[in-house]
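When the chains are written out, they are named A, B, C, D and E in that same order, and each has its own residue count from 1.
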């Protein structure tokens, strides 16, 4: 098991954003995390990456209890993420944005120029190589998302958390990105993706977890989830099946 | 006991002035995200208007607030026009840094203009009834100090009501959050900025008037009051405008107590140490809900 | 995975370096000119420029690179000054005293670093200001006596030697800033400036990088203080703790161009020359003009003086393209 | 010829870089008009320019006969042209209720504020529940609801939505699109930017296609849905979930 | 021109004997320049600017008068003075820079500004540059005048003179007050005066002294006033800066402490003190260092000229400032040269009647000059002590606050 959540909860002043969630994730899989807005998906990401300490429960990664490990140390262990509201480092070049991951992530390259060279390859992978020397702030939203992905990938993660990476892409871009996500999985990186593009998630995820109002309400293969009545009620709606 | 009470009371009186001096800075900082180092210079200018009203017109300093406030309000409008308007649209940290620098330069200008206009001599206003007041079991409460405290309380409440309960007040808060969204909501943000800044200046002017008749006035007093005000707004907490008053009172009392019972020479250190302590254990400030 | 090993396009990040030629010219000027003129006020002016450059570079390491606006740098300057001076007056060889002063400043920075870095943005600024003020007032209370060089030192006093020391410090500080920016550490430090949380999620130990920037910054500010103590014949021990020194450092970094290496150099020269010229020629209004000039620079050139260079470059490019 | 909103040959630049080239379009009263196009085409820029947030280099924007391009943003709001900006842009530190009230800041809207508020709460019951929550502590989707709600509080005549479905769950997206339809039926003209081209084209009466800062096509909604080129570029077929 | 370049030699020999002029400087055979350059560094802005203005006016009036008479007689030729004034912003670091500027511009002597710390910084530079420095408007002795400097001269009362005069004054009162409270500013000057006052009290007998320290810049003095009042102290001795003094007096009234003597050094000196406190300034004693009613030669004429030029009465520091120029002119004439060292030596040998009385410098650079005591009476400063120069008798004891209408 790569990731193991045991009864993890997070409350904000009485509001249980994540309520006693337990799940486990095997290596090399794509986990789709879905649920209505405000279900606690991003909060769960923040718990896994260590932005917040959980109010209850334990988190295990690679067999180790990481519940109280600092965020940067979790990155060193192999957890990387993208942000729902993108956060590139605006005044740095696209290349430097990615190089940060390579210099500081798991299995870091301490030599800067070597790290830059290596991150350039990551940029090629996400299709940003041509803009390597531009400042990150000059990128469009989609390119910024790609850059976030590159930065996360450059950190050589074992577990990659993607928060609505596909939101805002047009259908053909969605397709390209899906292929990219799959190829990342094929590199042996385990992925958790939060996505509202249900079709896309169902298309590539091996396993789906559904959160609603902080609680895990269903877990299973995409096919199982698609027919799950409570998921349809809480999230998917009837129209998808109409 | 009597002298303890006397010290406490004077601490509160001093704190009331800290509070009002900080409130304008808190407004401008909390709302416009401008750290106005020249705030103390506005305090100083307010003081000079009050001094002028007293020395040439013979007006009572409490009465002359009716000209001090509008005068510095107008100065605020002008400064917004020619200076602050240009940085107010910058983003986050950038704006704070730039405002720091611009206002530092502006502070130099204002201080030295005041020097040229009014000379470097200390000025002060002594009313005929200075020193008169209540005597409660030997604890003296001068009228001037009581009136100061009263006015500070009234101003604080009025400001609170204005910001939280009126549309123009809310427009100020909204502009602070996101000026573009505020524009999209139909708010004339240029006017909001101008009014907020001028309001902050007017609050500084009230403080300046109090400083003039409680202590003294000189072109160079600005920095001292800016520093004090900055410490008070951090004690009060992020975005807390109303909190400036209790925070000011706290600082005043701590300083007075330290002066009386530790060492007069280290009382400012005591205030700063309390301040650092608060910063570290409660960085969001004392009077802010988390 | 694509393993294209084709040649990388030139992706050297576009940094704004003075060309080596410009550096050489500047250095030659700094060495030759004061010797040619050999007047005390020129030595003095050049001394102040170098001290300004060192202070600006120092502030820039923390404020420009790591994005932490410190208003407490006078504390480091003051510590450097007081330690250096006391040790030196008590018989320690000057260079040893100077280094101890720098180290002491850095040590102090490390002690206050962890608590003050819990504060963000403007709160950090005000918090550091408070730390420096605590120190200033405490020193003023404990050391209210003027510190004057003993007569024997005054008799041997040699102004050019002060200048050479300051020049050395300015070069060392600029070099250190350059090295820092080229090192891999700069990625983390700049990352912290841009977005702490994002940097942290990418594996940057935020506090460690902030402390690194602070430590370096404090060492050089402390050394600058030590040089000040070496130069000044008499002053109150409280004086180097005045917020003026913080603001001077900050303004120099800012005027020149924040977050760049050449910025503080340009800023230091410009700041000192303008201030001194104004003070000498326009005795009555120099402060007003200086303040106004400052406002104008910040408003019109938010990127500092370096922006003039950038803008003219862009303009030139556009003209050429037509 | 629709003559409600008339954008005529506008050019807009970000600093040195031109983002819009001679863009002209029209929106008729009571219409729903969609604007689709790839990322970075300039859709957001166009909306912001109409809303008065971005100066024009040249060209005109007329609402009926009123020259919007000559007005500052807050005066454009008074004309009933209201935009839901990309990325929500709420008053994060203020409560849900404050946000809604501020949406009704203009004099026109303030007068009917109580009614509009009721309407908004009907559409988004969650907002009524969360009245006193600070906007920046709400989830992404909740924030989007609030953003739309805030715009509605301004009693728009022309409502401009910049990617309103971004980051929303399917139910909410449907809710939003349904809301838009309802608003339109009540007489509000809609100008919509969407990545979700299929849903947008289904909803819209007409649509424009913007590519690299230029209008490259226009047509009726269902016409474009069937257009080959559009299908290829913007509708792409997502793999259906295996059932 | 006749600019001189002093190269500071590392040789120590030059400091041992002062009469030998150093070899690099020009002799009298050199043709005289068009003007005699004199450099003053004065705090025109910042905290000392109020004092600085008085000093500046004094210098300028004196120089104008000299030049109106054709200038200074240098070995038979009249050469006008060229006074260059620079502002140090009340900042000792800037004082140094400005003095260096003057030095490089070839001044033959320095004139000082105001404030002990600025003078202290300046004195070291004068010594280093070997340029004579004549400065007034500071009373601090320790750290400035006790350094063995050869180039620093101050025809101005020093703390010791002040302490003696003050106790002469107290001794002259009947009934003699005994309980003294000192509000001691925590500065070197504060420490110096507190020490001297305590010494005087002990040597003269009949006094008790309690000292309370406070930091300069204090706004709230209640922690000092309350205990002083509780102890029924009769005499207040203090040396507050302007703002501190105003706050102090206001709070003494607010807290209703009625002493018999309020003697403040420094704060009550400027005319604005009376304007600021109104009738509450009455009775406050001060030692401004000079008074335009002193019976020395030339005082009347200068006061009249001053009033004519500046439209206000000559303030306390203007007389001593004027005297500095008198001393300098006299010295240049006697030296009959513009050589820096010759001028320095001539100054050291001064024996001149000036506006501050007869000036003869002691080896430490000070001179016993009169130390008049003024008292605020009816909104004006009145010369009340020593008795031989006093114009009016002092008010003693001070009128209780309640009885002032």
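Here is the rule we use: contacts are C-beta pairs under 8 Å (C-beta built on N, C-alpha and C of every residue); 3 or more make two chains touch, one makes a residue touch a chain.
All values reported here derive from a predicted model rather than from experimental measurement.
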Name, by label, each chain that touches both members of the pair chain D and chain E. B
Using C-alpha centroids, which chain lies at the maximum separation from chain B? A
Can you tell me which chain lies farthest from chain C, using the average of the Cα atoms as each chain's centre? D
Between chain A and chain D, what is the gap in Å from one C-alpha centre to the other? 29
Averaging only over C-alpha atoms, locate the centres of chain A and chain E and give their separation in whole Å. 75
With chain centres defined as C-alpha means, what is the inter-centre distance between chain C and chain D in Å? 49
Counting only Cα atoms for the centres, state how far chain B is from chain E in Å. 37
Of all residues in chain D, which are in touch with two or more distinct other chains? none
Where chain E touches two or more other chains simultaneously, the residues are 45, 186, 215
Of all residues in chain B, which are in touch with two or more distinct other chains? 111-112, 115, 265-266, 268
Interchain contacts, given as pairs of chains that touch: A-C, A-D, B-C, B-D, B-E, C-E
For chain C, which residues are in contact with chain B within the complex? 67, 69, 115-116, 118-119, 121-123, 125-127, 129-131, 133-134, 137-138, 141, 243, 247, 250-251, 254, 258, 284-285, 287-288, 290-295, 298-299, 302
Seen from chain A, its contact residues with chain D in the complex are 12, 34-39, 42, 84-85, 140-143, 164, 167-175, 196-200, 202-203, 222-223, 226-227, 235-237, 239-240
For the complex, give me every residue of chain C touching chain E. 38-45, 48, 137, 140-141, 144-146, 148-149, 151-152, 154-159, 232-236, 239, 244, 276, 279-280, 283-284, 286-287
Residue ranges of chain B in contact with chain C within the complex: 29, 35, 83, 86-87, 90, 92-94, 96-98, 100-102, 104-113, 115-116, 223, 227, 230-231, 234, 238, 265-266, 268-269, 272-273, 275-276, 279-280, 283
Give the list of chain E residues in touch with chain C in this complex. 5-8, 10, 12, 14-15, 44-45, 85-87, 89, 91-94, 96-98, 100-101, 103-105, 116-117, 120-121, 123-125, 127-129, 142-144, 147-149, 186-188, 190-191, 215-216
